[in-house]
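Shared chain: subunit A. Partners: subunit B in the first complex, subunit C in the second.
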Partner chain A sequence: MKYLDKETFLHRLDPRSKIVMGLMGAILIVVLKTPIALFLLFLTVLTIFALLRPARRTCRTIIVLMATAFCFTMISQGFFYALEPRTAIMTFLTPESGMMGSITGGIALYREGIIYGALQSLRLCSAMLLSAAIVMSTYPADLLLGMGSLGVPERIGFVVTVSIRFLPVLLDEAQRILLAQKLRGLNTKGVRGGFRAFRYLLPPLIIDSLRNARRTALAAEVRAFTGKRTTVRELRFAVRDWVTLGFSGAGMIMLILYQAVSP
Partner chain B sequence: MITIDSFSFTYPGMEVPALQDISLGIESGEAVLVRGASGSGKSTFLYCLNGLIPHVFAGSSVGVVRLNGFAPSEVPLREIAKTVGTVFQNPESQVFMMRVEDDVSFGCENLLLPREEIIRRRDESLRFMGLWDLRRRETFKLSGGQKQRLAISSIYAMGPKVFMFDEPTTDLDGSGRQEFKNIIRNLKDKGKTIVLVEHQYEDYLPLMDRIITLEGGRIVNNGMTTEVPTPARATTAPPTRRAISLKGIRFDYERGKNVLENIDMEIQRGEIVALRGDNGSGKTTLLKILGGILKPIEGQITILDIPAPTLESLVGRVGFLFQNPDEQLFAQTVEEEISFGFSRLGNNEGSDRYLDIAGLNTLRHRHPQTLSRGQRQILAVVSVMAMEPGILILDEPTTGLDSGSWHKLFSVLYDYADQGGTVIFSTHNEHAAAMSYRQIVLNEGRIISDEISR
Partner chain C sequence: MNLYIGSVILIVILGGAIFHLLRTRNAIPTFSIQDLVTAALFCSLLYIAILPFKFGLSRIPVIQAFFFSIPYTAMLFIGIRMIPKAGTTTLIICGHSLLSQTISSGVNPLWWPYALLASFVLELYFLVTKNYLQTTRNALCAGFFRGLTVYIYFYCFSAPFIWHQFYAPWYIAIQTAQGIAGSIIGAYIGMHLSKPIISAFRYGGI
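So, the complex of A and B:
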């Protein structure tokens, strides 16, 4: 997930509009509770993401991520849903079936758990798509500028944008460490192998990231970074930003009202 | 421009000062090279001049440092940055913005200059550094040399009178180093004062007015010298049996863009071979093919009598070391690190022998990441050697090492080759290449020369 150098409607919006839209989305993700309202929110966010005209490869990655989130959350919630009332749609072990049954309290797949898992997944996927749409359509320096003009301290904004820039570097490094483990004969196959690889991945990755962070911090110090800056880049709030924010605000109110009046 | 009088500095918790009784003057427009082994105090010396000591690194100091009439300890970093600009070793960690022109503006923005002034300085700096045509390029698409030029350009735009370079060309290839030489020459022509700290400084000697040698935090030499260290002996192990055979190897990452083309090569057991060439010449790709990490698109490959080997089939037979040793040190202690690989091959004895080879016996219980850079590199090499592979492949093993660590590393490699091991390493550095038995030079994916080292 990194900035796409394109000319789309989303790219032309002022970063401040996109940050405000992100905040509206975050409020809706927390406030909305009914399946239809959350589904409508998800559809809206999906449409916003589609405005980016992402590459086929990006779409594939997003679909795999969303499908994984849906499957994992629905199945895990289906099994571990503890609130009443709950309806078992498939029972694997009853509480009465011997010692295992009494220890576990029975193992079953619950309808309410699956629905709850689906709603949580809608929330998660909406958040993921919305943040991806903002990051992929906003040049990091403009994002920093937008956050600054909305009152986010410059240092925090700077940390966010530098993190975005260094994320691919970190991923490259993790890949090299995993490869180095294999070359030293570490068996990384299977679930146990995966845990083993993870155990030996973290120390060098963390230590090297800290070394990199120190180097970057020193480079920022000698370039007089204190958090206060003037800037060459300028943000312009255009009519399309007002219109977009107007529509977003109206949509937000309508979704909340719809939830309030629906049974 | 710079005056230092009886200056000493000690880091917190240390008994021995990092700098001791330094007295020195550097004139405006002078170019000074600072050299010395790792731990001799070179970086500390720079930090005292550019204000990172005491503003970022605390410690106790005595004596006086004055820079263009003021004491760096009494002036905020933002003010010091108007007089002194510092460029560090790693170009990657000095680039903050996604576009070249934004990165050049970054320092000026921090100086709170007005927008028009920033644009004027930015454009002048981009032209001066030859980056004008790349101004809209995304920074991650630049080569190492271009990134380092960008870091210097960003500093240049801030308008300092003094430029300090802390091992700026360690990560650069031949053309990157040539670019840097031209930059130094241009900065000198502009009357800038230059303080250059560099391990591999031979190329820059003609541009320097003075050389300062530090040892144990003290100045042991302050003057001009043309002495260049002579490389250690090149191994002359006679070729015996074939270790590697490549015939007609071709490789690409993207269809139609060959990274390697028509590579034919034979390497015998006991040879030490240096692979040379600029960035993008295909060195690392070739090393990865030899290590079984990449499979060639075309051609025949035989490694230690295994035809068309896979990564799995070469584990334990071929040792591979990436450029950054820190990515390859996983264990909690030095001893555990050495046995990490061979214990997985069912062999649980021998760590003492390799601790001796690495010269780390007294540090066996230390965490590997707390060792010095040179010691970490030696440990990474010896940990791979401990698996007793027939071939050792090293990607830029001398990067960032001082001459002492270099010689230690090569003495370990010579002993390994004397026992029939084959070493292939890539390097930008011609002095490191001269320590090999044979040098193969790549250019745009093809072998353009294959000669015995003299």
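So, the complex of A and C:
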């Protein structure tokens, strides 16, 4: 997921309100249990994501990711469902079939487990969509600024900021080194080739990056930089932030109350 | 939920114990700008090292833990060997966790205890042994402890609480065993690869 340079309502929100909304979402993802409440949460998050008007390619990626999460959660929970009653659809190993059977207590795919997995995957999909919405609507530096003003230590913030700057440089550097190694005859095809590439890529990449890191550190030190940053851009809470947070908070409380009173 | 909250309290106690040990030994670390920038570099390298896992290998059931832990541990241990002092592990692991939350998975504090535990276990191990991966044996033991704690915590506490997903004990045992094996192999690779890097750092004029 990458930052989308657009002018949507979500983009205009203060990063802190998006972080707090993310926290509310995380709380709901953990607290909600009933299928309807989980489905309502998923629909809400889907609407928030749709507000971003993402490109078709992004939507396709998200759908593939959600479908894989959906399938794997259904399969894994189908196997590991331990509550009763449960109906075995397919039995792979009975508890009586030798040592493996006695260790595992039998391996079977349970119908109730598949349904449970399908419901639980709504949590994963909601989390995925919510994080995608936050990441796609907030510039990383603004997100860090928001986290800093919410209490994340400055040095950790500095480390994360610098590492974000390093990422594209490292990726370029890695491609350049791999190309050079291939021109010198390195075979990178297959699993063994992948491991070989990892081995021949890492030392030159790290050594070169350390050189860059040293240069950056020296440049910072000669400017008497101590880890504390002053920023040109200052975050300000607008009315829309308060309104959005108010609506989100009310929605969260209503969903929890709905779950508590529903049979 | 109670189990998860209990685990968070335990992690806080672990952090307190580490801080107390550091204070009694007068070894509370200070990081220069160069240390911070190097740690940031390793956060990025960790992110890049596990990109193939994020794009596909994590979907392979049963053997995912093995594939994940090798590059992660190798890269982490090279980083710790470059800045061998208390706090480096926490800085790199938590920095990487925040980095991937900031640019890909969204900020979720419920995952922070997982990152803190992964850091604190190694910090405590290094403090007790007074050895920051100076020997291969120390690195292999550190890899073992990393694999053991991180995977048990993930499958027994994080996944059931955050995602409401439950796993059979035999599956957790298989994943943990793979995590341990992968972390030990990763530790060995990290030690092996860090030697030329440290030589270049010391004598090559980096």
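We take it that the second predicted complex is superposed on the first by the 168 of 263 C-alpha atoms of A that agree within 3 Å, B and C clash if a C-alpha of one lies under 4 Å from a C-alpha of the other, contacts with A are read in each partner's own complex, and residues count from 1 in each chain.
The working rule: a residue touches a chain if its C-beta (ideal position, glycine included) is under 8 Å from a C-beta of that chain, and two chains touch if they have at least 3 such contacts.
Only a predicted model underlies this, so the values are computations on that prediction, with no experimental measurement involved.
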Which superposed partner A:Phe237 touches (first subunit B, second subunit C, both, neither): neither
Partner chain(s) touched by A:Val162 [first = subunit B, second = subunit C, both, neither]: both
Partner chain(s) touched by A:Asp5 [first = subunit B, second = subunit C, both, neither]: first
Touched partner set for A:Glu173, first subunit B, second subunit C, both or neither: first
First (subunit B), second (subunit C), both or neither touched by A:Ile19: second
Touched partner set for A:Phe92, first subunit B, second subunit C, both or neither: neither
Subunit B versus subunit C as contact partner of A:Phe247, first or second or both or neither: neither
Touched subunit A residues, subunit B compared with subunit C: C
Which of subunit B and subunit C A:Val222 touches, first, second, both or neither: first
Contacts of A:Ala82 with subunit B and subunit C, given as first, second, both or neither: second
Shared contact residues on subunit A - subunit B and subunit C: 140, 162, 203, 207, 211-212, 216, 218, 220-221, 225-226
Residue numbers on subunit C that touch subunit A, as the complex places them: 1, 31-34, 36-41, 43-45, 47-48, 59, 61, 71, 74, 78, 82, 91, 94-96, 98-99, 101-110, 161-168, 170-171, 193, 196-197, 200-201, 204, 206
Residue numbers on subunit B that touch subunit A, as the complex places them: 50, 52, 55-56, 77-78, 81-82, 84-86, 88, 90, 92-99, 102, 105-107, 109-115, 118-119, 122, 138, 140, 151, 154-155, 158, 291, 293, 311, 315-316, 319-320, 322, 324, 326-330, 340-341, 344-345, 369, 383-384, 387
Contact footprint of subunit B on subunit A as seen in their complex: 3, 5, 139-141, 162, 165, 168-169, 173, 176-177, 179-187, 200, 203-204, 207-208, 211-212, 215-216, 218-226, 228-234
Touching residues (chain side subunit A, partner subunit C) in the complex: 1, 19, 22-23, 26, 29-30, 33, 68, 72-73, 75-77, 79-82, 103-105, 117, 120, 123-124, 127, 130-132, 134-135, 140, 143-144, 147, 152, 155-156, 158-164, 166-167, 170-171, 174, 198-199, 202-203, 205-207, 209-214, 216-218, 220-221, 225-227
